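You will see two complexes here that share chain A, one where it goes with chain B and one where it goes with chain C.
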Partner chain A sequence: MFLRIFNRCASTATASRPTSFTFPQRLNRSPTAILEALNSCVQTDGGNPAYIFMDDPFLIPTSGHEKRQLALSKASGKKAARWIIDRYSYAFFHDVAAPSIPSYFPSYTFDEKEFIEPDETTLYKLMNWNKITKAYEIYKKCLENNVDISSTCKYALFDLLCIYNSENPMDTLPPEEDWYRRELNETNQSGLTKRTWKDNGLAEQMFEELKLSATSVEQKIRLYNSFASGLLKYNYAEKAMTILDEMRQNKISIDLTTYNYLLRSISSIKESYEARWQFITECLQDMKQNSIQPNLRTFNSILYTLRRCSLYEQGPILALSILKEMRQCGIEPSLGTWAHIIMIFYPNDQIGYETQILPQIMDELEKQYESNGHQFQWKDIDDSEFFFNAMFKATVNCRDIDLAKRIHRFLMTGSNSRFIPDGFKEQMYYANLFRLLFRVDMPEQVMPLWESVVPNIYSPSINVIEDLMEFISTWNINDYYVRLWSDLLMLGFIDNKQNNRRIIERYLMLLNRTNTQENLSKDQIKQYANIARQILKRFPLVPEEEQKFENTNDNQKQEISEEQQRRNQFKQLQPVFQYSGQLLSNLICLLAQADDFDASWSLYEHYLSNKNTLINPLNEKSLMLLLSLSIKQNHINRALDIIETINELNYECLSDALDLLNRNVNLSINDRQRLKTIQKNSSLESAHHVKLI
Partner chain B sequence: MNTYLKLNLLGNCFQQRCYLSTSPILHSWFVRLTNVTQVNTEAATPKHTRKRNYPLTYEQRQFPKLIGHTKTWNTFNTSNLRDGKRKAETVSDDLFLRQFIYGTWHSLFVSELIIKRRHNMIILSGLVTRTIHPRRMYFLIGYTEEILSALLKTPVKIEIQTVENKEDVIFTYW
Partner chain C sequence: MSLTYLKLRLKLPSNNMLVFIRTYRQAQRSTGPKSQEGEFRTLQLTPAKNNRSGPMKKRPKPVYKEVLPPRYLRMSTDQDWTNVWPTATTFKQSVVPLPITQGYVASDKENKGLPIEKRANAELMKIPNFFHLTPNHIKKHCAAIKQYCTPWPEEFNSDEACEYYLPIQITTHDYLNSTPSIRDTRARVVKFNFKLTQLEFDEHARDKFVRLAGPRYNTDTDELTLVADKCPYRKQNYDYAQYLLTALYFESWKTETWEQERTKNDWQRYYWDESPSRDRLLDILKAHEKDPSSVNSKSLLDRNKKLVERYRKSISRVQDEGVENELKNLKDYKNDVLMLYNLKL
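== the complex of A and B ==
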């Protein structure tokens, strides 16, 4: 006991305890620090549906078409709500939030009074609510009524007119719709630089006005600069150049934004590549003389211009020197910078493999990612192009699986996947990735990746699915055939469209090809037969309505609910699925192997009754399988029917068929006679060699 | 439904089909006061119907004394803790939310609406039948989220689960 106490005392005595305690210093964190910390734990996960969708089997979309439909209907719900909010705005002014959140309030409705007796506050309000053209109208009215407007207000209005090309800016779309904006907005899909500046628009009118009234140098600088950048932004280079000349003559200094726009649009000013580079250096010299510090946007614009000089020999070297310059200026390259560099080094599909620039860029990026505290920030608009470009070039030029996978892994880490800005780019990215993998890689490595992405992150298009089928058939992965069927179902490829018919046909071919090659286990045969049955159930041989008229009585007809009627109407609108002989014979093969005589016989009968309209006859293999099954199950008459059909079609396998039936013991005399007549009538020589009893 | 049970009108309507609703306005005060079946009634504890064929959901079958044992609350918030804020407002908001969902998702919700308040967010969840196309369901989701957040000035999010039909939520017959 004492010993224990002694020990305890000794242990506390030996541990040197500090006599005074100091609290650790309080770290000052931002109010959103905890959210940021949480965000850094989150990773893109293919196991769950995207955040905008409900996590519920009924509500999770799988095919690309469905995803689009559901996301857009959610967006339209939001729009409907917005409309209600604006319409009955009086109900939504109850403000409980502190600080109050402007985006939860209805948009401002302007009084007639404000327009009749306009003043500066009205102008500001109009500008805040994105009604630029109306603001210009009111501005005019103010001038007429001799209302004083401060020059700051005037110049703010002018800036907005230049920025938005004398139009009202587009409303911001809800995020769901924004993802599909490329499909929805028809304008400028090709990505070509077209002149979109409005000639004699409001901006130009106001420019002429303000030019006369501008007195001080600062006003002039602002006026000219915003006008020039507006012109350059909407690709009206010729006029911009005259304005810039005017500025030089009047000794009005050019600011950084204008320089950036200028550097970006050099490719539409100068023709030859040398001249373009010359112009770039001139601009930079100008900037240096006026002691304007370049920013990230400046360098990205230069690279953008260099990228437009495709196949320019100096391009890569100049790009590297620009990168070096960036380092010296202490500007960290953003993803957009790298995106441009990739395109400069790989100007077309063949060139650039030797430079090995892409792996180096990836090294560099990963280092940058580490040092930035495991996240990237959006710094430039061009950042959105990086992943698409990188994957495109890694698959087309480098054809390097490891590199492609590395890029993909990088995309999946943290919140990097937000750098793919819209659905179209994402489709292209994954199409490129999987095309390469299907062409080069092994199935053991591709399939896990495929499963991690499909269907929640990526819904493949029909071309990619066809590539997948090709891939599976060349590698002959038996285990994946049934899985493929469920994938096809899930991704919405099993329906009545023309393209999708092709997929069903190919899939059945695939199943049958393996059937002949090797002996399948019983389970697999059963599964394949089930697939065939599913196809038959989905696309009935006889249209459903006809069946119904036979079955239902008058009383029952009345009971058919409205919903069913609607469904029927919907079905009538769709074209009936057209079976071909090829498809039918494939189905017969699958069903006959699983010993399902009734189903396969009904297919055969369907063929006989529609012989004249169907494309392609049944093939030998299916007929032989059906024959052997019918003999096995003792349907002698039917077997004879089949042999007659074989004879009609002049197939080589007639002799085998005769032989097969001949060997059967319990044939009656009539049957044997029928066999003999078939043999006599046949034109094939081999058939005559068979000795019939 | 709770109100419905409270009034204990089940005795009168055992022939009716399962009627799961949140409507507080059901019957007149006269019925409430003069019905014989009102003797010995308890709140939210229904009496057996004569044929014992009135369907109850799990949530309805677990009577109030079982809250915290076999079922939880229908609304989760911290306003009733010590120094909790917006006590009255939270209750009235909840009432409003239930009414709104009852009207907007008409005859779609088969369970009570669960209202969870997390940070500054309100999360609405519950069970919904699959009687309408997912497209329309997403329209409703977008609409409800947007309009409710504009009304309550706080982000509202809907997290629903679906069931095949109303019969799927029947726990017992009473």
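== the complex of A and C ==
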């Protein structure tokens, strides 16, 4: 009507245009489709830290420990905020959000007055606020007071009791804490199925009550199915079986959820593999007779059960037939399905390489990813296992670098990385990947991958770091040594802990080994010496406190605040870094090569003064290097000292040392005398061959 | 306000008491252990060092871990910038691999006379940056939302064609902010925009339409703009604007009785047919005729149709058009008059 007033033919210039014209149809899209499409463009290259951390060099956590600390602090901050909101709920009434966001508001606190005359609304309210046990209490009270309660309300309460095992559901953890749930949550670490169902719990009491009052068929179906699912969910298979038998006798039909739980817990019902499979087929036949359409969860449950039949010869064949069945039902397998299939085909570390199932699965998945519009949805709870399982089997069973890299590339595309659900699984995934790569691959390929992942996505554990050092030393990648030092610092491996001392020792060995092998450029020598100085600065030979106390006078000593005392006590608790002769000699080598006589001499002196407590003596190489440096810098007395030490330690190189000093320097008569006495006293034969002037 | 509040709380009897209390407090503050002997006390803005009540507590120096080197040092030259800076954020000196400076240096002594570089430069964080909207970003975004686009209709090959097929332009705005609220009051405004040539008018209707529209009509571009923002929701405003346009259009076609009363002064342009000039011309032409009573005005005009038309045009041009072409118009008018009356100068 409105547009009719516009006269299309008025203009003479447009008279020739055809009047009939169809506009292109607007493509249907959701209100947020454009935003979602733009969101899919947002990817990171691994250079930036995770979103919860601030992207500033000063604040980026690098080591696993720091990350954990920061994330958990953040989570506890959130919890504290939540607590404040709940505690002072009267102060938080201002609603800034539109539409209003309920979780920004204080949670409802129930008043005792509300329970004086309870009715159905109170019950619903309690259920909405997750107070299941309290709801049951009030329900009992209602029954006593003869308050009428509708059966829908009763059954809702019963369902909740079965789902949450007669307990109040746990509060959902903040996502930061959720990432570390495996470390924090001590119960059920092993992942074994334990019976956690509460005997004679509220659910069972209510079941007995409702059983008597249930009249209609629907009510009975709901009652029995909820109860059976609850029992199976909390691994009480024996009782569940009796309930199921009861259901069969009374001709109460079993619903899909119960079947799914049943199929999942078959391994705890039947012992032998054949019997298990027999049971599965029986269940499926039952479902077919009752015309219940299976869903993804059904098939995943079957595969889960098959997976628990380890080393079952029929397993792979049956798994494939189930996959075929799935396709026929028009259900697309999810990542969880593939995760189970991988575990069925590779039941232990040796078997399964010949089947080549993993590459085929990857082909299939990439195709699926393309056809799904470049994204995967979370479809099943088992989806979280896929990447971990795939990488584990690709590295342990297949030992295929290309396959491992392919899986990793797939993980990095789009938002696939969310299918690794927690920190522990991620650690294992990367540990597996890098172990394989370090063992088999070339450095040119490994190092870019390493750099793209460490430290922002993955902070390696000490074992992986040791593997990396091994890898670097076998391939002898000279350019990476200095970089490795900064990586070690960054990842928090250079500190006082016992394990980390090993790392330092190994690193210094690495540096020294290359020193002997080839001629280093001056830059490198300098850098290495700097690293040595950094180590000395970090772990002073003499602990700091002692020096401080010597300097400060008595007045100031008294004024040391409590806090400082506490800090001192804390420091005393921490072990002092113990230098060994090995470590000292390595440091001396590095410093002496860079012509830093003072520093290396102070190390030597430290060795002399603590000779009795240090574990190993200095080695020949370091002493020789120090000797030649002192000769070069004309410290004759010190050179003689060193030779004496060499003599004491009975090193073969004494003859060389004597020769060196003899040839290079104009010695005074006293000094020559001293040299001769050393030669005389030495027990080594070779030393006596040197002719002293 | 605050005084009354105080009163209520402390239950002070009057303002006088309040003053008293204040003076008392001041006195107490000055008579401390710090007061000096003598007639005049010196004003100590900062407490003297030896006068401190206790020893100054030494604050332990916080121990920081090593700071990472900025990230840009490790970036390769062929990296994909869209992945480094995917979304809008404040400037981060550790990420941008460009030697950017910003700020003003007052004297040569300050910072060696150089503008301040990016590190620890708060100015760079204040200004908006467009690192998230480089050409590559735009390409990526376009590729992502292309799935929701329909092909451009072939008929729309020129601006005129678009105007022809889509006579009216309706403008609304959506606002997207990262706030808890998704509402924005500015989103309610609806703007209608169209050219008057798209509507069917006679002379009177058009004149009336333009007069009714008032300042909403732009004479230069021949466009009418209706903005509706009175109602709280967009739909309401849209409906209102539609109603407004419809009412305006049909109202302008009506002729009220009072419209007959308009005089020459109300003319928007010169109507020769209604002007006294026409009567005079008719008189003159009549006088030319041998038998003035036998002819009526219509036949007179028909007989001299060409000349009269020319005359009409030139005189209306002189009346309507402004000073710009006045000379030329007058000259034309003169020629036409001469021709009409067969005069020769």
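Methods note: the second predicted complex is superposed on the first by the 643 of 693 C-alpha atoms of A that agree within 3 Å, B and C clash if a C-alpha of one lies under 4 Å from a C-alpha of the other, contacts with A are read in each partner's own complex, and residues count from 1 in each chain.
Criterion: contacts are C-beta pairs under 8 Å (C-beta built on N, C-alpha and C of every residue); 3 or more make two chains touch, one makes a residue touch a chain.
Values in this document were obtained by computation on a predicted structure and should not be read as measured data.
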{"item": "First (chain B), second (chain C), both or neither touched by A:293", "value": "neither"}
{"item": "Chain B versus chain C as contact partner of A:633, first or second or both or neither", "value": "neither"}
{"item": "More chain A residues in contact [chain B versus chain C]", "value": "C"}
{"item": "Partner chain(s) touched by A:474 [first = chain B, second = chain C, both, neither]", "value": "neither"}
{"item": "First, second, both or neither for A:84, with chain B first and chain C second", "value": "first"}
{"item": "First (chain B), second (chain C), both or neither touched by A:58", "value": "both"}
{"item": "Which of chain B and chain C A:44 touches, first, second, both or neither", "value": "second"}
{"item": "Partner chain(s) touched by A:610 [first = chain B, second = chain C, both, neither]", "value": "neither"}
{"item": "Chain B versus chain C as contact partner of A:101, first or second or both or neither", "value": "both"}
{"item": "Contact residues of chain A, present in both the chain B and the chain C interface", "value": "55-58, 66, 96-97, 101, 104"}
{"item": "In the complex, chain A residues that touch chain C", "value": "2-3, 5-8, 10-11, 13-14, 17-18, 21, 23-27, 29, 33-34, 37-38, 40-45, 47-48, 55-58, 60, 62, 66, 96-99, 101, 104, 451, 486, 489-490, 559, 561, 563-564, 567"}
{"item": "Chain B partner contacts - residues on chain A that touch it in the complex", "value": "54-59, 61, 66, 69-71, 73-78, 80-82, 84-85, 91-92, 94-97, 100-101, 104-106, 174, 176"}
{"item": "For the chain B and chain A complex, residues of the former touching the latter", "value": "89, 130, 134-147, 149-154, 158-162"}
{"item": "Residues of chain C touching chain A in the complex", "value": "55, 57-58, 60, 64-71, 74-75, 79-80, 82-84, 86-87, 89, 92, 94-95, 137, 140-141, 144-145, 147-151, 153, 155, 160-161, 164-165, 167-168, 179-183, 194, 197-200, 242, 245-246, 249-250"}
